[in-house]
Each structure stands twice: as C-alpha cells, then as structure tokens.
C-alpha cells in the first residue's frame, strides 16, 4: 500500500542534505509551511540555497535559519519587507548571496523545472538591469530574455487537505507558490491541516496530484496566523 | 453587468474571420465542442488553420469542414485514426497542409502562447525528423529543441459548467486540451452543458477562470456520445 | 483636450474627501487632488468587464471608487480573480490576502489559482489594465518603480516587472513631483527601469497625461484647481504636448 | 543472468493464458510467450508506488497483470492519474477514456488535469515508467515506433515522442521479430526515430533484454521455452551480450 504520510516533522525531513536547494512555499505567511521550516532548523542541514518569495521576517522560520548561518543564498522576488532585518543585516555584511527574480519569472522557472523545460524566453525584465548577462532575442518585434529552469532538491509546502497518495488541495490564497514548488523538487514534503481518506478529494478538485508529492505530515494549526 | 452567455451558437461564432487559426478542444470525442464545430460549418469562415489533437473522423464536424474545402492547414499530433479517411484523401491530393506536433509539445506551445512565453526548449523530438529546421541546444548534457508558442485567433472548447463571468469546469477526462486552448486564443468560445449562477462554482474548484473565456453558449447534450 | 488658454478647474470627483479650510490636508489639496482623489479619477476611466490588477498604495484605493454596479474584476498576482474590498472588522479571513498581504474578500464568481497560472494571465496579456505607482515615468513610456538607485543591491522587485511588461495597459498613478519638488515625469528615467516603453497613461495629483508613441507626454486634463499649462509644465521634466 | 548453457525454460506466469495442445494459439506459444504472457512478464517487474504510463496495445494489457494488492498508479496522457480497469459491461462512462480512447475507470485517489499539466508530468520526469510498443529498438537505446518510413508524410506521432523523451524509464514490449522474421532489435534503427537513446529494457515474446549504455543489448532472460542463446541471437539484429 502506498502511504506517503509520515508521523513526525522530523521523519518528513529525513535525509535533507547539506548544500540542498530548498523551495519554500507561501506568500508572506499564507500557505507558508511554518512547521516544516522550524523542523529544518532542528534537522541541521546547512549551506542551503533557499527559494522563496520573501526573505523572512522577524526572528523565526527562514529568518532564524539565516541567523544561524545555515543559508548560503536566497533566491527571491521581494527580500525587503516589514521585519526583514535579519536578511538585511546579513546581506550587508556579505554573509548571504542574493538572486533577485521577478515574481512571475520565479514561478515560471519552477514550473519549467517541473515540466521538463530547461529554458524559456520571457519579456519580463528585458531592457532592465535584471537582464544583464542574459541572452536576449526579439520575438514579434519585442525583446525577450532567456530564463533557466529552477529545480529544487526539496520543496517544503503547505496544503489544506492531503491523502495517502499525496494528492493535495490548498485553501484560498494559500495555494500561491505551493503547486509549482511541488512540481519542481525531487523531494516534496507537504505539511497539511487535514489528512483525508483516499477518494475524499473529488478527482476533479485535486490541486496537486500525488505524483508531485513524496511525503505528507499533518500539523495542527488551522490558520496561517494564530 | 458582465454577461458572457450568448443565446445561440450562431451568436457565439459571430465575427470569426476567414483565415483564422481555430483551436478545437477535445481528445477524440471527449471534451470536443461538437455543436460549435457544426456552427462553424454554418458560419462560413474559410481558409482556416485548425489546431486539434486529431484530424477528424467520419464525415461530420472537422471532417466535414475539410470536405467543404474550408481548411487550409491542420496542426495536430495524430492525424490518422479510425475513420480519418477525409483527411487522408485531401492530404494525399495535396489539398491540405499538415504540421505534425508531438502531443505534449502541442499542449505546451498553446500554454506558452497563453502565458506570454514566445518560445521554449524541450527534449521532445530532439534527434528525430520533427527536429529538422529547428534550433537545438544542449542543456544538462542533453539535446533540446526550441519550440514556438502557438496562439489561436479563436478557441472552440467544451465545458461542463459555466457562469456569466465565463468561469468553467470540465468533466473528468473531458478537460484535456480545453484549458490550454482557452488560454491561447484571442476569442475563446465555450459550449457548456450547464449554466450556473455566479458563485455556484466554488472558487477553489474553478478549472478555467473567466479571464480566458469571452463567450459561453449552452448546449443540451449530456455526454460526449449519444 | 486642454489648451493653454482653457479655463482650468479642479476635476476631483469625490466630495467626501474635500476638507475644510484650515485642515492641514488642505495644503496638499491646494497642490492638486488628494490620494483618494487620484484613485477616484483613475476609477472613472475603468470600464465594466475589465480585468484589473492594482499595485500597492494609491492603486489599491482605486477599487473603492469603482461603483458597485460597474463590474470590474480585480486580479491579485498571488492567485486571485474577483477580489472584493477589505473585510468588515472582525470578519477577516487569514487565508485570503492580496498582493500587499492585506486581508481582502472574494466576490461571487471569484477564483483561486497558483502563481504560475496567475503570472500566465499577466505575461500572456490577459489583464486589461495594471495600475502601479512609480518613482519616474519617461516620455517614451519607460517606468522606474522598483529600485531607488543603481547601487541598491537588494531591491525588491516583486511582481512589478511582470506586471509592467505583461499587462495589456499600464497606467501609473503618482505624485507629479517628489516631495522636494523634482519632476517625476521625465525625459529619461534616472532610476533603474522596471520595463521599457510600458506606460500608456499617468494620473498625478496635478494632471492626467498620456504617453503617445512617437510624441511623448500628451496632456489630457489638468486636475489641480487654478493651474495653468505653463505652471504644470514647470513641474514636469519633459515637454507636455497638447492635442489642441 | 542467463548464460549460454543455462537450461532454458518458459517463464510465462499466467496459467489462465496457457492453452491446450491443438489450440491454434499454441503455435504462437511455441515461438515464445503470448501477448498476455509478455504483458504479465512486464507487470512482474513493476514495483508498488510507481507512476506508470502504458502505451496502446500489449502495454495496455500490463495493467491487468499487476496484482490488485500492489498499488501502481496508472497515468494516461489525456489527463488522468489513477486509472483503473475497463468498466463492467453496461457501466461505462463516456467521459472517462484512456489515451487509446477506450472507456476506463478511476480508482479512489485518482485525479484529472489538463494536457499541459499531464505532459508536464511526462516531460518533467515524474513518470517512473513508460511502456511502449515499437517497430525497432537499436542497441544504443534508440526507439522507432511512430512512422513506418521516411516517406510517410502524415505519420501519427501522438504522445510517443513526449513519453519516450520524458519518462524516467522506457521499456519496450514487442515481438522479437517482424511477422516475416526480420529482427526488431537492431544495430541501428531503419525507421524514423521516436527518441534517441531512450530505451532501458525490452520485453519480447522470446526474451527480456536490457539496453546498457556503452555495451548494447544485454540478455536478462530467455522466455521462449527450449530456446538457446544461439537461437535467440539468430533472431536478433545486434550482438546479445550476457552478464555470465
């Protein structure tokens, strides 16, 4: 019997290696896999490249991972936001690499990785300083730049419902980056609010089919903020 | 008030010009917009380029459109199947252009058109005769070819439910090419089995958001085959 | 539309934002319309049925000025179509936030989707209109709104480049000048670009200005009460053409 | 595994397909295993938990030979995961068809998605195994299974190239030779390629053969009762290596 549900956060993160590229779902706090990120703190992997929309806030989660010197590089669209002081200090001190990627290009690069597309042309960023060093080409009279797929070794995502095959649903705007990160990683770990029986998610309503998910772990919290 | 629902097939196809590229949904008979294709026969547009997975069967629908000399070119993955005699005769007689595209590349080219990606690299077809004349490049030690977006002027698709904003659901394997065609066309016309009130489709269960749909017309048939 | 000699009048449409003399806000009003007034002016030009993405700041306020009977479908790049206004106090839903991470509501007919689909809508040209703030707009339509200097090594681009490059129309709403009086409508942007040649129209506290390919800035309307074209030109960093 | 001198025996596992002597099918059986036998042999090698896409023909039959207690999740490129067997007579659902356009069923836990997502699974390497038929397989793993000649100007490629290029593993199941006795395991494909270097394993009516990079064909098992390696080699268009 296929059973992707594991019994603890620790088990769900077994084997995450040093040097891994970690895709972290969520847009701000919504759809962010907080327990898995806390688990990663415990788990110990270091020299990480983290891909996320934001660069952490406060002194918990991703910000704490950075404070502990576990993150080598951040790939994100919006590093500076309310409370991103940890990022800013480390970055100014030269202790953190940063790759800024437009939000849609970030999503599309992960979707491409998941779909076996190694590179694609996009108009986003053409003619700006983010195009520096990138191949460009004119299509339909307009400049485009070539962007590369962005695969992950591990994706940490947050789901609303999950079953033992790893089928997932997300809740409202908690969907955001989670489905494309699930596609893009070799090991996708989903924390979920609800574990349901196989077949309880209607086949027309599955958001992420289980083929993109390797491990599922249930968490208790019912909302992105407590 | 936004209301994309029109009252007749004829109205739903108003303004389809000669020379248009028409994307036709469906995989075989499932999810195929039969009434819209019949309507196109009536409507009169000619010199068409038709994009579909198959090249028609029997003497109805797409096959009839070809018989009437209205189709200049077919872009498809699987032209020859049971009953595709109309296609085969016209093609042998040199009365029809044909572009063969691998099924996944066909879907991805339309998805790219809908998502503003003018071209992408794919391993599919590399090293085969379908790669002839295409730019190729090695990524990760493997040859890939560059494929171009495939936009449509019109998409004819089949939905299960639709509302007045053009939000759609599909039924089971009737989804197939329909969502990517809806994205890829300037004018997307959906025939639907059910018209529902705004809000009746749960926001987490919408398959094609109304942004990709311009006109909706209700049809009576309840299954792909009668 | 407005020639040099046309009598100029304030066209702010939202009387509830007019304040009594002596109110500190009045100083601002004297220099043109308020932020709410600018948002209202933008809203006036959005027809029913458009899919619209509103950036953070004044653009977000535009939604409140679209009459409820005029259906405009709001897109948020974090995966929402059909966004409604902020929830009533105490009725917020933590799972439902806009691109600014503020709680919002969903209208009947709304839908959720993932980030790649959401930016497919943007990049694919399905969004009829995007309204953004900006640091500068150049007369060729270049927009700079993401990085405050070439030396800003950790700028936050978010979805701005995608929206500027992808939406069918890009309108900018911003003050006509910086707080210290330097023009924000310029011949060429000094700040790093968000996208080249992307802006079609600018709404400021002083005027509505179109960007017309091959011509540059074309004045459509002066919003600041009592302001002449010459006075407006003096606060603008490039030639303001008129259709008169 | 099987050396030249190893006693050879039929390894067909599905006794219900064994027929009495005198049955016309027996002639076929004498020349190796039946189509169902080939499908059963493939099924034996598929472990629980794999996502598997089965091509039209013998590959489709593989599903019937996976024991129900061993969960293997079947993918169909028209947008299905978790396909079940054909429906009972009279219980068909016209909306639920596989890539061969035959009615199928869906297991609990199954899901539907669109074509771009479906081929994203394939191209993205998420399908653990694809089983296809073929006209020819070359010792370098090239597969030809879509066009019967270079001059076939309207060949039907369908999803074959995507599957051959994209699946994590590609196994071919086909007769060892053509009906007129020409080998289908060859040094180099004569027919137009579906994908270069894609095949890992071949199941024929006579044998199981691996394609090993740098070595070529490596015999794993002879399936035809009483057949020697020399006899098998005589029906094979390239050298059959053995691990012995």
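By written order: A, B, C and D. Residues from 1 in each chain.
In this section, a residue touches a chain if its C-beta (ideal position, glycine included) is under 8 Å from a C-beta of that chain, and two chains touch if they have at least 3 such contacts.
What you see is a predicted model; the values in this text were computed from it and never measured.
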item: Set of chains adjacent to chain A and to chain C; value: B
item: Selected pair, greater C-beta contact count between B-D and B-C; value: B-D
item: Between chain D and chain A, distance of the C-alpha-averaged centres to the nearest whole Å; value: 37
item: CA centroid of chain B to CA centroid of chain D, Å; value: 31
item: Chain C and chain D: spacing of chain centres that average the CA atoms, whole Å; value: 59
item: Set of chain A residues in contact with two or more other chains; value: 108, 111, 115-117, 122-123, 170-172, 203-204, 207
item: Where chain D touches two or more other chains, by residue; value: 106, 112-113, 116, 119-120, 122-123, 166
item: Pairwise touch network: line, ring, star, complete, or other; value: other
item: Chains touching one another, given as label pairs in label order; value: A-B, A-C, A-D, B-C, B-D
item: In the complex with chain B, residue positions of chain C that touch it; value: 48-49, 51, 69, 71, 73, 75, 81-82, 106, 108-113, 116, 119-127, 166
item: Residues of chain A defined as touching chain B within the complex; value: 108, 112, 115-123, 139-140, 144, 169-172, 203-205, 207
item: Chain C contact footprint on chain B (complex, rising order); value: 1-2, 111, 113-117, 163-165, 167, 183, 197-199, 201, 203-204, 206, 209-212
item: Chain A-touching residues of chain C, taken from the complex the two chains share; value: 76-80, 93-97, 101, 106, 112-116, 118-120, 122-123, 147, 150, 153-162, 165-166, 192-196
item: Residues of chain A touching chain C in the complex; value: 27-30, 77-81, 87-88, 91, 98, 100-108, 110-111, 122-130, 170-180, 207, 223-225
